[in-house]
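Each of the two complexes below includes chain A, the first together with chain B, the second together with chain C.
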Partner chain A sequence: MNLLYKSPRLLLLLTLVLGGTTIHAQGIMGGRVTGNIQLDGQISSADSIIGAQDVPEWLLMNARADILYTNGGFSAGLRFEAYQNPMLGFDNRYKGEGIANYFVSYQGEKLSVTAGNFYEQFGSGMILRAYEDRYLGIDNSLRGLNVTLRPFNGVTIKALAGKQRYFWNYADGMVRGIDGEVNLNSIVKCMAESRFRATLGAGFVSKYEDDQTIAFPDNPSYRLNLPLNVGAGAVRMDLAYGNWGLQAEYAHKGQDPSVMNNFIYRDGEALMVNATYSQKGFSANVQAKRVDNMSFKSVRSESGEMLYINYIPAITKQHTYAFLSMYPYATQTTGEMGLQGDVMYKIKKETLLGGKYGTDIHINGSIITSIDTNNIGGAGTLGYESDWFKTGDLYYADASLEVAKKLSKAVKLTCTYGYQVFNPVVEGHNGPLHHNHIVVGDLTWKVNKKNVLRFEAEWMGSDSQYDPNVDDKRCGDWIMGLVEYNFTSAWFVSVSDQYAYRDGVGNYYNVSVGYNHGATRLQLGYGKQREGLLCIGGVCRQVPASNGLTFSLTTSF
Partner chain B sequence: MKRFSILSLLAAALLVFTACDKIAEDEYVVFAGASGTWYDSEATIPAVQRAFVEKYTGVRCVNCPNADVVLHDLSEKYGDQLVVAAVHVPNNFGKPLHGEQDLRTEKGSTWFNTFFSPSQNLPSALLNRTKVDGNSLDIIDPQARFDDKIDAVLSATPQVGMMLSCTRDGGVYNAEVHIQFNQSVSDALTLTLLVVEDKVYTTQEGRTADGIVEFENYEQNHVLRDVVTDAWGIDVVADGNQGTKRMIVLPVSLAEGWNADNCHLIAFVSNKATREIVNTAQCNL
Partner chain C sequence: MKKLILTLACIALSGIALAQNAQLPQNITIKALDGTSVQTSAIQNDGKPIIISFWATWCKPCNRELNTIKEVYEEWQEETGVKLVAISIDDARSAARVKPHVDGNGWEYEVYLDQNQDFKRAMNVVNVPHTFVVNGKGEIVWQHTSFVEGSEEELLEVVKKAAAEE
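Let's turn to the complex of A and B:
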């Protein structure tokens, strides 16, 4: 018992575990209380080979509990967060605990209002996306007022104002926005039954930030004349005809000198186009984008991943296999051009290649480059000129072929080949391009209804070599094996090892055990984690090396 | 009608939200403070070297009254050869007590943020912004006397002689600054002009034998009220040759609440690149 008093973290952990597994949805004043709890912990020790640092705390822990009360159209919620201390790779400014987020909301047929913290997105997010990703340690929620009007079927108008969360505080910059979307098939009678479907939208977001002295670098007697109100607008369309679809969005941002663009006054713009075709057994899509100076933050001096008002969607494939995702692509909001193609085809059953169960083929390719720039000055100038259609240096290229085939009722085999080219400049350091070949074999065997075995083997051959001066521990040639056993529908055990067998360093073994019971999942792991980037949707955070125990508990009620 | 109303609302909202600032290309970079034109001077400018002490302090800094005692004694000893400004820092140490007047200034905060880390111990002082080994700033703890350092500054032959006078034209004060190059100077120089005020009364935290206490109606002296020029000064337009004499007149406005009888102007010339102060002068308003 003394341990509990001496260790508030342990006390909190037990409270959440015991509390989380015994609470059920409660009826209060005719309403309903629901929630979810997540607790992640880590015990890590030094390992000089993989670069894991010694952690002075015995235990690192991220915990959160979301509580939601709903009663008809009314809802209210809060989120408790505790970082005692933040797990490796999470910003230390999260250290502490408290109510991080609260709101009250009314959702009606024609009107919705939220006061407090809220998340929102206009279109694809190129001018506004307030979102949270707990695995990236990002919470760009706005605290303020969010109103949505639906005056009649097919028309939605959103208006909002607020300040962005910044760890345990709120940023000084004020964000205001309005967005309208019209579904033509709903408001134009003659289009109601048409095969042609069309939705049009437009939005505008403005941020206000107080003036500050940014000295002109060439002469401290002068300073930059900063725009206090920075606006960004976007127009978009979503068209479909039969099996065809076309989505496009264009965004334009006014002068926004900031630390992200070296305080230049060039306007920003971004265009994203997505064309799709799909029919039974076949689908294809092509995406293209061009981004020029579109970093849009509520505080001009903020670097890193916090306080983004907007989000530039990624168009590279988000891989799940370890080696294919070892070099994720981080979106370059300051400028990039990209193209992606994706084709999925199912070879029919009872054909030569399809066999008894058919065969799924998935081909994906993407290429991202910098934009062409002609430098015309530094801070306090327009910065550069850019030829709209001309590409710059290669940032990233990825081509993959995945073939998935059911060999029998119980056995499924998926084989993947990938080729990637990676420019380390996207992670902020110079060096030669990395060219990687990756082969993955994934065999799943359903032993019976309650027991499933999965085997995974991966190989990566790379022309990169580990250089202690650069210390990129992803370099070299790698092999990996994984065995996973799911049994009794509730338990699973997984053992894996990644080993750099040539021109690299590190042997990263991991063992994990998990248990699922209803909405509760508990997982324990032990092993080594390679340092690198964790990216979700092109937004990334640095993950340092770690060595030791991890555990995770999630539950909902 | 309903649709018209909604569309009107949308249009009106768009008009409101489309307010975004557009800076003309020739205004991306602006002057940050008062400016004027330099002229040749005919005045007789004394070749006197003075020292400028900027004391970084705050009303919540319990050790800062110790520095006030030291600086008072030093001022008595060196007279008008020692020029002092008290900069109240932007962090919590400078935050006003009991809702009293805020002695912090934007440009003083710029100095503090430039010269120190946010966790800098207070009180701290700079003497002519001199550097140790030409590299890092020589940060002085002004709770103890530093006569030797002042003596070292004052014993140097002044590269630039300075003279400052103040005239009043209606409601506007004019600072007239004269400088003379006693030696040839090849480095670019800047001129910074500031307003300080004595006898400003606030609550001040301090330390006595009984522990930490609050001194009511504490007399704050040399309080930096404003940097009239840009925080980093304006360019001295001169050839830098020995014997060259230049002058400039800069307008000075006093804000409401400042007592002109207790205000002084301070001007200093500094090296544009290193920010080390070459010479300084002060006058009463």
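Let's turn to the complex of A and C:
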């Protein structure tokens, strides 16, 4: 025991892993302890071809355990995290270990209170979204106080204050917010049974940060007069009538000079509108957005991915096939305009095109451009003027058609064609647009009750060429094959290879083996892996780039 | 301090008591597809079993699971009285697509949005799909992560057992 105390990390990890897999929810003082554990590791060797860096440590490991105690409406939790050392793709400032997150919370019918770390979102998150994505190394949780009131059925009021997590510390900026939402059908008697459904909401967030000296670039003996409080407000509605739906949210942010907008004093704004029509077997939706200078962080000097108070979602479709998701589009919070459309249609059984089992058709398209800007000055000025309806340069466009068809009781085929135009400037590089054609075939064969085979073939033709100066390893023409064998949902083995056969570099071969039992999953892999969303062996998750051996254990209890 | 935390963690985790089934959390707020907020206590099925499936529009295995069950859902309902509740963890990026996605696929499940992932955290869901079976007393009696064709039959066995408990 003494030895174990000397290496407490090891002890804690062992306890958590061994304890967690053997016990169920425990009864303690009438309450229950539940939790989840995740352990990811890689034994990596450098490979400039796939972007895996040379790491002096032979083993990289991320570990995490959430322990949750619940007793009626009361709960308390803590999260242990260890990065020894952080895996590829994770910021090195995560290195270390400790209790990263803790809270106590009461969830009642009319009142919820959380003290400690919490996650929260106002509307669609355009002015406030404290969230985490454990696989991307994002944890924007706020540490402070979060109160939700539900005085009557249909009315929700939220109020919060806190500081944002910044790796193992908390950012200086203080975030405070209030939000209200009313569901008209619940509070207006005559609307209770109406086919017209309406929810309205509004929120306000303010950030306070101490003053600092930022020199005025035109005359360095002057300094910028920085606003210490920055406010942002949003209004939203969610309307539905029968099969029709309309959601809209508009956000406005006051002067917020920061590294992200090059210290200009222009107000920010964003509008997002979504219209849908859907009935059984058919649906369509159209989404439009315009974002202008909406980067909102709790620390004005922070660049990069951390400390966002708000979240402006990308409206492009989140593809899961490897080549379709090779160029994911990331929202440009400083300014963009976009339009997205999506149609799903189910051709009925026993028709000419539907065949015996019916056919599913899914069409999606999106186009994103920069906003029009007319520069009127640099740091310390309003920055630029913008014509609201005028579009700027093309950032991204894509169109895809997916047809899924059950060929027999045992065989299902999905075919996808996609076309993409990608502007490397969204990732901070200059260069010509990439035009990609992608074809995917995905076939699942249920051999019998317990054995399932899946085959995936992909092709990508691109006019992009590998340029060692830019070092974008996705360039060129690619082919890919994947075979996956599942023995029930317990075991799986998958073998895959992605190969750049023209104008590119790279050969990503990978073998993975996995085992699922209840809520426990163990996976081992060997080979080269691109970072991105990976869906094999029956689950989907983000994976970091790697070259060598990887292992992953997740369990909950 | 570290020692104390460690000791507490050890006590909490190594005291292997009788394994009791956890109850479904009651007061977590999720959203129905028409925009109204509801609490998880509303997930009810008159004392019959409930399947709770965490999924996302972009998750292929989740869609395979929900589409596979769709074809046998009526039979399952007749046989066991089971109800499937699908909890979407889609965030702001794809939450607006959930309703069209559900209708387009012709799913007749009870679907809720868990955009802030409060329910997901309370249920200790790490990856999707993650499927739970809750018995008539509101106890979680089974859970499984991942889906491949054929594993719906294992799920049906668990549901039958839970239904027979009444």
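Going forward, the second predicted complex is superposed on the first by the 517 of 557 C-alpha atoms of A that agree within 3 Å, B and C clash if a C-alpha of one lies under 4 Å from a C-alpha of the other, contacts with A are read in each partner's own complex, and residues count from 1 in each chain.
Going forward, a contact is a pair of C-beta atoms (placed from the backbone, for glycine too) under 8 Å apart; a residue touches a chain by one contact, two chains touch by 3 or more.
On a predicted model such as this, the values are computed, not experimentally measured, just so you know.
Peer 1: Pick one for A:L224: touches chain B only (first), chain C only (second), both, or neither.
Peer 2: A:L224 contacts chain B only, not chain C.
Peer 1: In the superposed arrangement, which partner chain does A:Q38 touch: chain B (first), chain C (second), both, or neither?
Peer 2: second
Peer 1: Examine A:K348 and indicate which partner it touches, taking first as chain B and second as chain C; both and neither are also allowed.
Peer 2: neither
Peer 1: Does the superposition put A:Y265 against chain B (first), chain C (second), both, or neither?
Peer 2: In the superposition, A:Y265 touches chain B alone.
Peer 1: State whether A:R195 touches chain B only (first), chain C only (second), both chains, or neither.
Peer 2: After superposing on A, A:R195 lies clear of both chain B and chain C.
Peer 1: Once the shared chain is lined up, is A:F282 touching chain B (first), chain C (second), both, or neither of them?
Peer 2: Only chain C; A:F282 stays clear of chain B.
Peer 1: Report for A:S206: first if it touches chain B alone, second if chain C alone, otherwise both or neither.
Peer 2: In the superposition, A:S206 touches chain B alone.
Peer 1: By the touch definition at the top of the document, which applies to A:L149: first (chain B), second (chain C), both, or neither?
Peer 2: First partner only, chain B.
Peer 1: Mind telling me which of the two, chain B or chain C, contacts the most residues of chain A?
Peer 2: The partner with more contacted residues on chain A is C.
Peer 1: Touching chain B and also chain C: which chain A residues?
Peer 2: The overlap between the chain B and chain C interfaces on chain A is empty, containing no residue.
Peer 1: With touch defined as at the start, can you tell me which chain B residues reach chain A in the complex?
Peer 2: 2-3, 6, 9-10, 13-14, 17-23, 25, 27-32, 106-107, 110, 190, 229-235, 272
Peer 1: Give the list of chain C residues in touch with chain A in this complex.
Peer 2: 2-3, 5-6, 9-10, 12-23, 25-29, 34-37, 39, 56-62, 64, 91-97, 99-106, 115-118, 121-130, 140, 142-151, 153-154
Peer 1: Taking the touch rule as given, give the residues of chain A at its contact with chain C in the complex, in rising order.
Peer 2: Residues of chain A touching chain C: 5, 8, 11-12, 15-16, 19-20, 22-28, 32-36, 38, 66-68, 70, 72-73, 75, 99, 107-109, 112, 119-121, 124-125, 129, 131, 134, 148, 150, 154, 156, 181, 183, 185-186, 197-199, 238, 240, 245, 247, 274, 276-285, 287, 311, 313-315, 318-320, 342, 344-346, 360, 362, 412, 444, 446, 449-452, 486, 488-489, 492, 516, 518-521, 533, 535, 537-541, 554, 556-557.
Peer 1: Quick check on the complex: what are the chain A residues that touch chain B?
Peer 2: 149, 151-152, 155, 157, 159, 176-178, 180, 204-206, 213, 215-216, 219-231, 233, 254-255, 257, 265, 380-382
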